[in-house]
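Next, two complexes with chain A in common: one pairs it with chain B, the other with chain C.
After this line comes the complex of A and B, so read on.
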């Protein structure tokens, strides 16, 4: 019996899932091999990461603080992917959310119970505003959102850097490149972990329910999978596209607000810490499923925390970016390879030359 | 007048990075593969060029090493996207992350230190001494002339005036027809994607050996993404791509001049100009002239992998 490789139009979910897990394992093995080649002991380093992350309450709280922004950014990208839009700009929207929330905290007087919701709204509006031009350009002029959303990241980073070192610089003169400490903050829920995390988890569940059980969610999914068919069936694909992309920006913006008002406490350059870019990987690994994002964001938080733990070993946060790229690379390949199936060739095989 | 001459001079310097990277992307996209890894490739090239020059003070060697590193990275990318036929967007993002992360990690020891050997400006008799033109156009290193004159013309002739170029374009427009005509789609895509990546990494080498003579992790600053956008704006044509690169070099130079002359605008705001300009260039022409869309259309099979049994 002989076999041949047949490419299937779609891969079975179980095969896809195993392919994803395998690609993550392969990426980690590759990283371990590189570490071993450079004279470090990957097993000891891995053990150190796990013990300092899960071994103490302190480590777990740190993990929670990394988990939250990754959830927001992962969900933002995932929501966009549902309608077939690549939001590579979560990084910029995250910054704008932080910027807008800081603006409210610095210049609007009021009690905390009123200010915090107001800051959340401002953050969402800032994030949505930051994706508005790419959204309209995609919807009405068919300009690729891949590049426009990304270019806006650089503008956002420069804007935050500018206000943090210029107009909004801490007037006390103690800091060089940050705003003053915000007068209000997101309340804590567990140790130093603030409400940003439970809100993000609820958001993930809410989005999952909306995509699975509402007419809107159904139309968005069809609009993403096959825009032509969706339009033919009378679904307002363009309206959904605009709304979903703005929603995506708003989610990333909310993440930025939680980061500045919960974790960091003041606005500074580089507050987004690559979360927006890592969010792309979080969403892709989860196949854009909101509940899957919870799992992949948690995994990514462990990796990111590992990078921080290992900084004393000569690794930088950029090493984490390289490992993220490696995972993404293997995942892309695994996605394609998972479609192939070994099929036994039945029937007689005609020998060469015989007619 | 002196300001303008300096502006044009800086425009060539700054635009060279974008122009060379955009030329590389033109090669890849003409055969139907979008390479979003340019940003990472520039970072890798910039870092390895500096690392080479630290060991041996020969800028040409640094530039060649940068291109070599780009070629290898491009071949890895091409194995994934052309041979395995994985999603080009994902692989491109992955390449960007890997390139940036790897360059920052490996380049940490040399970060911030000035480059000892850079490309020197060549002095052309008579021309370099002309009052205005001399400074603006004729006081550059050899690489600048290569990027703005030799390479775009050569690539234009290759793509539009040779049989091989016709085959290239056929692979990008309709790979099934090209395949039927006996052109090896895989081979064509594989080598031009790899070669394009080598040029992108070369742009990184140019960045640290000509323009900003030092390596730091933020030195690339989105230039790779601007280059990808410029290719679309340039209608996938090499000469247009170089001109677009020059235009953006000019925008960047404007920011420098503004800082040097203490214009009452913050440096960060001036630094936004290239990104906002790129946004405008991507959106406005499409809205303004409907005909542009057809004239400047992307190759028909861009981002679509080719499966022989599915034509």
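After this line comes the complex of A and C, so read on.
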């Protein structure tokens, strides 16, 4: 009896999950093979990654600090996807959020209990502002948000570089390319992990509830799946699109605020650290489900943290990026492969799945 | 039916093998037996009709044959060999091509480009002119007139279907499968299609023809196979059957196709429920509705006749609040609400069975529950303030599916997994539930089996009797004549005239459909 591959219209969730797990293992094996070829000991390195990530409190705290911005950016992209919009600009909105929050911290006097919430608001407003033009262009002129949101990233990145090295440069003369240390910060919850993480987790749960248990969530679902049907039912499709995209920007902006006011403490160029782009992968791997984002963002944080450990072991950034890319590449293949089924080409098959 | 007699009656040499035969084919979906142990043989020169109720498994069987689904048991035999197709590309390479009810053409491309798309016989480098010439030649040899240079989006439905068929035939198909091809055609387009099909099978090919229109099946097919709940019940010579016997075979019991209008003059027609006054609508295509004045009264069914594309769709949009007229007023039960929007219309009791359910009436990728509650999600008990209760939505979806007669194994399944007719049943029931005042039904029987059409028409009559104003748009003049009290005829966005259905002069209606204004009626 011979076998042949057949592509199925949909993949069963259990198959999909196994394929995902398998893809991660395969990617790690490939990475190990490459490392072994270049003269490293992959088992020792792998052990080192695991022990320094999960083996100590410091490792876990570091993990938490990576987890949080990935959550914000992943949620931002996932929210956009809900209404069918690709927010490629979380990177820029994250920067703008950090920028706006820093502005408040530097120039608005006041007690910390007032300033921190104010900075959070400013961060959200900054992120939302940064997606405003792409949003209006999409809603009213049908301009693809894919390109506009991407282009805004470069502007935001340069803006932050410029203020951090120019007008807002640390006046003490101690730093060359950052602002002064902010006078207020997001309070810590656990070691160096600040409130940014629990807030992001609550946000994920809150969004999941909103999408599943509110009328608004239902309308967004319909509008994202088929705008024609939403219009037919008299839903304000355009208003939802605008609101959801602005929300997406605001979430990324809040992530930037938490990063500058919680993790880094001062504004500097490149503060976004590619979190915005990684957020796209986080959201896609989670299939735009907010609770799924918690899992995929955590996974991504482990990979990033592993990368940092590897770098401390003498691997170049490029190698680390290549391994990260590999895992995602395999995951994408797994999603596709999960749709295939091995079936015999001759002979009768006993029916199953039906009585 | 003895083998030899089949060849004999089809005028084939004794022992001629079928072009393709299915043996013991079964296909299961979770909780559904879509096909079980189906045998089907199609011989050269025959048009083989496939009949069955909604959800009987006709489309699934053909999807198995063309490699879209793989079967759980059974085999496909061609030239004495067992074959399996991994994809429609494999199937067409073996000479089996299918035209789906929802066309799969690239709308922004020309006809010639669509014909040659994804075809290895297309030269790698070819000028536009040469491409169009090739298309022209193909069209000539295959006897299907198309305009090679035209953009597909600009073509009528019938023309698009011709392009789809040409696409399949150009790839040397021996077996052409058509899934409800005439559901979207005008009668004259359907006649052209039939002529092309007869010419195709005369060349020694075969057609498998799925339709719910029994008169067409009687007219066009040589043999007919009937599926019921996934199993093949019978294969008969069409000439041995009648419409009644076919209908009976499909449902397994006698069905009474009663005369709908029934009660004659005893019924009381009330005050105007919805009135259009001088409605003009301009769109990117120009003026699509011109000074339309129309009134539908409570307890009345107004039929709209006319060749598709003469403003019927736009009329339904205005009547359901989807678009506001550029000029003129829409009055619902005495209240001017022309600009209030679709939601207000629905809340005030206007139901709308739309023309394109896949593009307007449903979100095919979302769950059956999400789709079933589209009209009532914002009302209690589904919504309470801003909160939405998915469990109550599920309960409502179950209820709608039950009264629509749709068997749903899993309400979380995407709605596109439902059979075409079951999607239509669900949408229709959902709309009838909210239509307290007006029901706008655009081609409501498209895709429904005879029994379902009968049930739906009975509900229309009941709604009418309870005082709802029903607007029925249909390309089946007979349907309109049977059901409507009055018939308005549309042409180029205008109402040519309104005539009482009882004793209507079909010839006069035909003239009005062609653009002649009703005698003695001022515009």
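One rule holds for everything that comes next: the second predicted complex is superposed on the first by the 323 of 355 C-alpha atoms of A that agree within 3 Å, B and C clash if a C-alpha of one lies under 4 Å from a C-alpha of the other, contacts with A are read in each partner's own complex, and residues count from 1 in each chain.
One rule holds for everything that comes next: contacts are C-beta pairs under 8 Å (C-beta built on N, C-alpha and C of every residue); 3 or more make two chains touch, one makes a residue touch a chain.
In this text, all values refer to a predicted model and were calculated from it rather than measured experimentally.
**Student:** After lining up the shared chain so the two structures overlap, which partner does A:151 touch, if you call chain B first and chain C second: first, second, both or neither?
**Tutor:** The answer is first: A:151 touches chain B but not chain C.
**Student:** Considering only touches as defined above, state whether A:235 meets chain B (first), chain C (second), both or neither.
**Tutor:** second
**Student:** For A:214, is the partner it touches chain B (first), chain C (second), both, or none of the two (neither)?
**Tutor:** Touch status of A:214: second partner only.
**Student:** Quick one: is A:226 in contact with chain B, with chain C, with both, or with neither? Answer first, second, both or neither.
**Tutor:** A:226 sits against chain C, while chain B stays out of touch.
**Student:** Check whether chain B or chain C contacts more residues of chain A in the superposed model.
**Tutor:** Chain A has more residues touched by B than by the other partner.
**Student:** Do any residues of chain A touch both chain B and chain C, and if so, which are they?
**Tutor:** In chain A, residues 7 are touched by chain B and also by chain C.
**Student:** Residues of chain C touching chain A in their complex?
**Tutor:** Touch list, chain C to chain A: 24, 26, 28-33, 36, 68-70, 72-75, 82, 84, 86-87, 321-322, 341-346, 352, 354, 359-366, 370, 374-375, 377-378, 383, 386-390.
**Student:** If we count contacts the way the header does, which residues on chain A are in touch with chain B in the complex?
**Tutor:** Residue positions touching the partner: 7, 86, 88, 133, 137, 140-144, 146-148, 150-155, 158-159, 161-162, 165-166, 277, 280-281, 284, 314-316, 318-326, 328-329, 331-333, 335-337.
**Student:** State the interface residues of chain A toward chain C in the complex, per the touch definition above.
**Tutor:** Going by the criterion above, the answer is residues 4-9, 212-218, 221-222, 225-226, 228-229, 231-235, 341, 343, 345-346, 348-354.
**Student:** Would you tell me which residues of chain B are touching chain A in their complex?
**Tutor:** Result: residues 36, 40, 80, 84-87, 89-91, 93-102, 104-105, 108, 217, 221-222, 225-226, 228-229, 232, 266, 268-269, 271-272, 275-276, 278-279, 282-283, 286-287, 307, 309 of chain B touch chain A.
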